[in-house]
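Should a chain be cited, it is by its letter among A, B, C and D, assigned in written order, with residues numbered from 1 in that chain.
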Amino acid sequence: MVKVGVAGYGVIGQRLADGVALQGDMELVGIADFAPTLSIKALKEKGMPYDLYLVEGADKAGFDAAGIPVSGTFEELVEKVDIMLDSSPAGVGAKNKAIYEKHGVKAIFQGGESNEVADVFFHGYANFEQGVGVDFLKLTSCNTTGLIRTVDCLDREYGIDKVAITIIRRVADPGDYHRGLTNALQIDKAPSHQALDLMTIMPHVDATGILVHTPVTHGHIITVVARGKDGVKITKEMALEAFKKHNRIRVVKIDDGFLGNASFFRYARDLGNPRGDMYEIGLWEDTIVESDNEIMYAINIPQESVTIPETMDAIRAATKLQLTREEGTAKTNEYLGLGRWK
Amino acid sequence: MVKVGVAGYGVIGQRLADGVALQGDMELVGIADFAPTLSIKALKEKGMPYDLYLVEGADKAGFDAAGIPVSGTFEELVEKVDIMLDSSPAGVGAKNKAIYEKHGVKAIFQGGESNEVADVFFHGYANFEQGVGVDFLKLTSCNTTGLIRTVDCLDREYGIDKVAITIIRRVADPGDYHRGLTNALQIDKAPSHQALDLMTIMPHVDATGILVHTPVTHGHIITVVARGKDGVKITKEMALEAFKKHNRIRVVKIDDGFLGNASFFRYARDLGNPRGDMYEIGLWEDTIVESDNEIMYAINIPQESVTIPETMDAIRAATKLQLTREEGTAKTNEYLGLGRWK
Amino acid sequence: MVKVGVAGYGVIGQRLADGVALQGDMELVGIADFAPTLSIKALKEKGMPYDLYLVEGADKAGFDAAGIPVSGTFEELVEKVDIMLDSSPAGVGAKNKAIYEKHGVKAIFQGGESNEVADVFFHGYANFEQGVGVDFLKLTSCNTTGLIRTVDCLDREYGIDKVAITIIRRVADPGDYHRGLTNALQIDKAPSHQALDLMTIMPHVDATGILVHTPVTHGHIITVVARGKDGVKITKEMALEAFKKHNRIRVVKIDDGFLGNASFFRYARDLGNPRGDMYEIGLWEDTIVESDNEIMYAINIPQESVTIPETMDAIRAATKLQLTREEGTAKTNEYLGLGRWK
Amino acid sequence: MVKVGVAGYGVIGQRLADGVALQGDMELVGIADFAPTLSIKALKEKGMPYDLYLVEGADKAGFDAAGIPVSGTFEELVEKVDIMLDSSPAGVGAKNKAIYEKHGVKAIFQGGESNEVADVFFHGYANFEQGVGVDFLKLTSCNTTGLIRTVDCLDREYGIDKVAITIIRRVADPGDYHRGLTNALQIDKAPSHQALDLMTIMPHVDATGILVHTPVTHGHIITVVARGKDGVKITKEMALEAFKKHNRIRVVKIDDGFLGNASFFRYARDLGNPRGDMYEIGLWEDTIVESDNEIMYAINIPQESVTIPETMDAIRAATKLQLTREEGTAKTNEYLGLGRWK
């Protein structure tokens, strides 16, 4: 049993903890946080299924006032684990790294940290083997994780040498009050970091893209224009066949009721998925179109939960639970029930 | 065991079915619907925990094409139950009533139906005894249900003779694409029906109100200005004391992180509540203010799930499982875990 | 001709400048700002109808790079005027006051400043005479300005001794990217400052209220529950008669197409009003309801422009252009065309 | 003077009327509508600058009740003009065509009508000459109009043979209450009609695209991936040079404050443009990126007003005021002040 700890019990941290708890070959030792947030209060109301440790400088009095039991300090947690999943606020992970190194503990950082913090920038399907045995990995961010699932899928099947993406980004998560946008689309300077990140993970692909923020909370939508390598023309049928085989891509149709990003959220709630989360990205069959020698399609990225499977993959790679992409991702898929819907 | 069926497996119907399934003294016989919606497809993906019956004119071919097993017709469902929960689209319930009468089956209609369809307009806390043994009940709508919890609470404790409400209404549910509002507040003619409905349930109270639709999906907010009867001045402390005793009112503070309607949704998701639902209304302690001889406060109404407890109460009253408000609501609260958080 | 300058050419400052330019007995000497914002760039594209002065520490190089002509420093502007309208960011006005005092220039601050900055907290209709000849006035904020128009209107006609308000607040202005809210309502601790401010201006009225932020940009909506003084019951007809006489209240009906806050914005655009602004508040005739001995109604506050008329009144009072409420407000109304629609 | 009438005084119709009124060589004879909408009431409040005619079946009593003067019937208007601009609701234009034919009057239909209604599908910059002397023209829709400005611009300069577009569409106009979307992105089946329409106007270009609706009201954003013809690689500098020469494309930078679609609306309001409208599309210089042999960029489409210049061009072509693209568009640009900002 690989012993795992989670630093930062926010939107991502909670889901990482839940994801680890579902892995038959891992043990969640505990989580660490700074303040008695609503998420921590919910943990308490649920009866503390996960032990809580406090990071340095934490609001101990606040935890006591709220009657939240504390199991120890952050370093005490680190001492007990084989690997830490660090979903602290951006920048804090880099500081935590010193503690991980001190205790000889491996760590996986989330997309918000700078690439320098890690030895390998990791994606379960695209470069699993590069993460095997490595001490410090950084996961791709939510958009990049979902995007690469599809580009890697086409690339392995037919070869891809160029993509141009448009990211229609949700601007906040449900319940966020610290950021928001009201009746406005906001555009970023191009190229977007997701295109650059894709090239880091898949250096043989030329990628660029534009990102637009939109005032919604349930899922990013990305359109992808991809070109087959060596003049290969990928048809709609070819693309569809490849996508349907992938266990982390859910191919859907508008006519079946998947009208947009919010349909996936509703469907996941109706499925009874915890928090209404979905690990798979959605891919609309009826958006796949051929553009001369290129293929174009649209995907839905459930931003809160999409990186959980690839992070489980990363634990597997770093701790050598499995040594290959096929075995590692298959084990994660099994424990998370990915592909079960087919 | 009271045998229960649910007509209409939409936003409310799904939650009614789940609610019945949680009652130790009830059995959910099945649900009925018309078309293979996303909610029905989710039911199938979950392995059909509830048997499905088709209403007349249903899209049988569509269900077959989607591989969804069907257990029989609507009338076959009605024959098997003691009571139907009718959450069909508004107007359909009135037509279904003829079928219920034919089979001598009781029924409880949701707020969308006209009052004429029922013998008694029902609220578990405010007029339980009027529903005892009655064949056809109609539940108050989501806003009215939550509103009456608080007004009835103050009324029983101190006496209330007048309320003026402002309803800040969410305009759609998460995942709705058939209705919406974009960057606009919309106002209705006054008085709002919720104020009139309150007077039907609590005829000794003078009520009026104004309703404004807002472009959000997670919970209505209502402000209430209430006057104590016979010149009684209700202080903030008095109101708070009464509210805190109520098992379906969750008293919260802004400083604890409950910044608005979306905080409740997030908290319910983090609690692991199915679909991120909450049965309790929220009441912000730090919005309670005294207005000369009146008391003013704000509440949050989780529109998708708030009526479930009172509908369970209605089953109890109609089928005489319990004969009093105290016993009926206590049993519902026990099975739904209401008040557990205290 | 009273010589006027404007500090801060943002959302409010632009409209103050335009408002002054419309007054036959005032001269707009110039405006002052800090950075070459979009509003300043628009001023340049229009050919600099207003002279621009730079506040201390301003980004002079930025103005030069954008080719924007500068007429001098902030102090040079102050030296040329009789009175300054200060719509600087909150807190800056208090610092500017020292400069105004140094040059013996009067000033009117906007609602964002603390009350201490001014000698009198001012509202054109409610306490004009208190501002006559005074050096430093502070205007009520947008919500309070609109709210007091109606409460003062009823108070003068029939007497009012208590109000309870619910403010449904727009969270950002069109084009704002520095603040926003996405799919959430946010609630403030009660009582809201608008209720307290009303009591400062109208000390004989007991006021309280709750404020909820909503993710829209076009106009706040306020519901008001007001009680007649000395047991006077104000009927719908009485309220309507009073409101219809007021030149800064536009009484409308939902049936005429005024469905919500966005209808006013659209109507103002179609009227050809500059920027689609409206100086009047809207009041929906079909929301006026009687609540036992109280009257309830809903109003719309065009947050960007509503304080302009009362600020013009304030100039008149401070500089003694007129000495009474009747004469002062009438002159402002004449130059701004208020009441013209009747 | 070409005599022009406008059928349908809605969002587009109002702007068409205003646009015609600005042309020195045209006369606006009148407008026609069906009901006393807010826009018509605003026309009345402005003193009826345009004569109003009533279409068959119009609500005459409603106009009388509102005191709105009527100048005659729709056919009487048609008799007085050389050409009608038909911005009736979709489908009505096709019926009106019979009346135009009966009176030998030319007509220009808006994008909502089916292509069959017209002899030529028209865009002022892309196919002006095809419209010369033609009786019935149909304008491209708002997105297509703006999109083609840029593709035609690059095509004339360097040659273009393929484009793939992503349309991030605003779902309603400011003030719309009959349509809307709340916290959801909605996707359409691909290819979008705008891509198909582009191929109709520019048959030598292969075009496809995906459209996503977003809950905002101020302007669509489109990302374009375009390939140079015959292997020509269009660099960022080449694209920028071409775009900057175009009088209906406003090249802007994010650093200058144009952060998204709402910035354009705000800027147009600050410019004092009537209704806060803008005839130019926006193009963000800092979104232009090279994608291997293709060029990618993002544009902003002010949906309410963008088709007005091309409709003026269409009048010029149909009535032979000018015979060439250069002369026709130059005259429109002169009267509308397009390019004046450079």
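By our rule, a contact is a pair of C-beta atoms (placed from the backbone, for glycine too) under 8 Å apart; a residue touches a chain by one contact, two chains touch by 3 or more.
Bear in mind that the values here come from a model prediction, so they are computed numbers and not experimental data.
Student: Common contacts of chain A and chain B?
Tutor: C, D
Student: Going by the touch criterion at the top, tell me which pair is linked by more C-beta contacts: A-D or C-D.
Tutor: A-D
Student: Report the chain whose mean Cα position is at the greatest distance from that of chain A.
Tutor: Here the answer is chain C, farthest from chain A.
Student: Between chain A and chain D, what is the separation of their C-alpha centroids in Å?
Tutor: That gives a centre separation of 42 Å.
Student: Cα centroid separation between chain A and chain C, in whole Å?
Tutor: 47
Student: So what's the Cα centroid distance for chain C and chain D, whole Å?
Tutor: The answer is 36 Å.
Student: At least two other chains touched by the same residue of chain D: list those residues.
Tutor: In chain D, 174-177, 182-184, 186, 215-218, 259-260, 262 touch at least two other chains.
Student: Could you list, by residue number, the parts of chain C that touch chain D in their complex?
Tutor: 14, 37-39, 41-43, 45-46, 174-177, 182-183, 218, 256-260, 262-263, 265-267, 269-272, 274-276, 341
Student: Within their complex, state which residues of chain A touch chain C.
Tutor: For chain A paired with chain C, touching residues are 171-172, 174-177, 179-184, 186, 215-217.
Student: Provide the residue numbers of chain B that touch chain C in the complex, in ascending order.
Tutor: Residue positions touching the partner: 161-162, 164, 166, 168, 170, 183-191, 206, 208-210, 212-219, 221, 223, 225, 227, 254, 259-262, 284, 286-292, 294, 296-298.
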